[in-house]
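Structure in structure tokens, see below.
Per-chain numbering from 1; labels A, B and C assigned in written order.
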Amino acid sequence: MKKPLLIFILVSCLTPAIAQKTDVDKKLKELGIELFAPPKPLANYVRAVRTGNLVYLAGHGPTKSDGSNTTGKLGKDMTIEQGYEAAKQTGIALLSSLKGEIGDLNKVKRIVKVFGMVNCTPEFVDQPKVINGFSDLMVSIFGDKGKHARSAVGMISLPNGIAVEIEMIVEVEN
Amino acid sequence: MKKPLLIFILVSCLTPAIAQKTDVDKKLKELGIELFAPPKPLANYVRAVRTGNLVYLAGHGPTKSDGSNTTGKLGKDMTIEQGYEAAKQTGIALLSSLKGEIGDLNKVKRIVKVFGMVNCTPEFVDQPKVINGFSDLMVSIFGDKGKHARSAVGMISLPNGIAVEIEMIVEVEN
Amino acid sequence: MKKPLLIFILVSCLTPAIAQKTDVDKKLKELGIELFAPPKPLANYVRAVRTGNLVYLAGHGPTKSDGSNTTGKLGKDMTIEQGYEAAKQTGIALLSSLKGEIGDLNKVKRIVKVFGMVNCTPEFVDQPKVINGFSDLMVSIFGDKGKHARSAVGMISLPNGIAVEIEMIVEVEN
């Protein structure tokens, strides 16, 4: 094979890969989302464990870059909109930890499974509308790869009174 | 090898496979259970995600074929028997989604892990008796393959007031 | 190769493996922890299911070797210290079931994911301090292999009023 042709083929093959490679970071920038270094766990556990191609993320709360958290109970202290924002913030915290584990969010193959917990009263029944703040974020960043199997449920109480806690399983490239 | 012998051997080998192949659908019929097309999720998530040989099912409620759900709190609005039926109905909804994902329920190798959530009062402590409605269904359909590791726990509230929500992980054939 | 040299190499290679092999049982002895045969589930589920290199443990409670359980609600009936002890006891129950499944706890490669549930009042927010009883135990036995991704959350009610329920996923050697 002649050299120029070979180079052409190589470039053609690699271009989409490179384009995709920069996608997630560009998307985050477009959406105005800044990841942060999540605070270290204070106890004998870690933020993420990888086994094979799956990364298990610990339950995260709506932690902001300054380390503070959104607290409160849905159905009493907060509106659904505020809950939605808390769930979105929880997504940002989870992605921050995920990036810490895998180095590059472009390695994400699929957000597989999500367990979304909402701190709420016994009468509150709109957990899905709250956890949508997380799910919408994932799909706006990862597209179809961001579509996950999920549960969105009510909890009597969460650590330090945080409004939302979410854990997830992510499939990543080798 | 002579042809008749070869055919005999082939038929002998294939017969059990075929017999097993029709087993789950036959069993469902025997039990009078009809699967249905589950309603599409209204948000940015999906009913099931497969990764490798594992299928992760989203949290499902006691949805009937007409799309309605059993609602109520155990310990207040419902008897254990009604909860048991709701858990069984949730199992039917889960299998409907699973069939939508893998096409053929005979591909099920094992119901691996189940998280069973019961909408209840703080005093209600019979979550296992409720979730048995799901577990008994799985074993009556799949036999030993239906025996799973599970948790059966109480929740302060579930989406739209459903009585039971269950999620599960299923190992399937290639 | 001369025989004595071969034997020397073999012994050198095997010694660390043997040393490690006896580690977990020795550690359990040092810590004064005795595993026990966990009571059989009373319904259509099992204590553990293995798929590939992962073992999924069912939700376990703070069961003692005599079969009795620690019951009560945090924030009302129990101190954090008592909750911590219940979480530790739950860890012992889980390891008892894990040993029943894999035969030898030295096969543990990693405690991957833990879901820690605390029976509590709506005002109780110290679930992490309770579940630390479990996490500290795992790290004291398995070292870094015992460090897991976890959630520690509040539940309105648990089966038979148990104070703590924990489920976990463990990666094991082939």
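Please note the rule applied: a contact is a pair of C-beta atoms (placed from the backbone, for glycine too) under 8 Å apart; a residue touches a chain by one contact, two chains touch by 3 or more.
Predicted, not measured: the structure shown is a model, and the values here were computed from it.
Visitor: Rounded to the nearest 5 degrees, what is the angle of the rotation that puts chain A onto chain B, matching CA atoms?
Guide: Copies differ by a rotation of 120 degrees.
Visitor: At the interface of chain A with chain C, does the proportion of residue numbers present on both copies reach over half, so same, or stay under half, so different?
Guide: different
Visitor: Between chain A and chain C, what is the gap in Å from one C-alpha centre to the other?
Guide: Inter-chain centre distance comes to 28 Å.
Visitor: Listing for chain A: what residues touch at least two other chains?
Guide: 52, 115, 122, 155-156 - these are the residues of chain A that touch more than one other chain.
Visitor: Within the complex, which stretch of chain C touches chain B?
Guide: Listed in rising order, the residues are 42-49, 51-52, 56-59, 73, 115, 117, 122, 155-161, 165, 167.
Visitor: List the residues on chain C that touch chain A in their complex, please.
Guide: 52-54, 110, 112-115, 120-128, 132, 135-136, 138-139, 146-156, 169, 171
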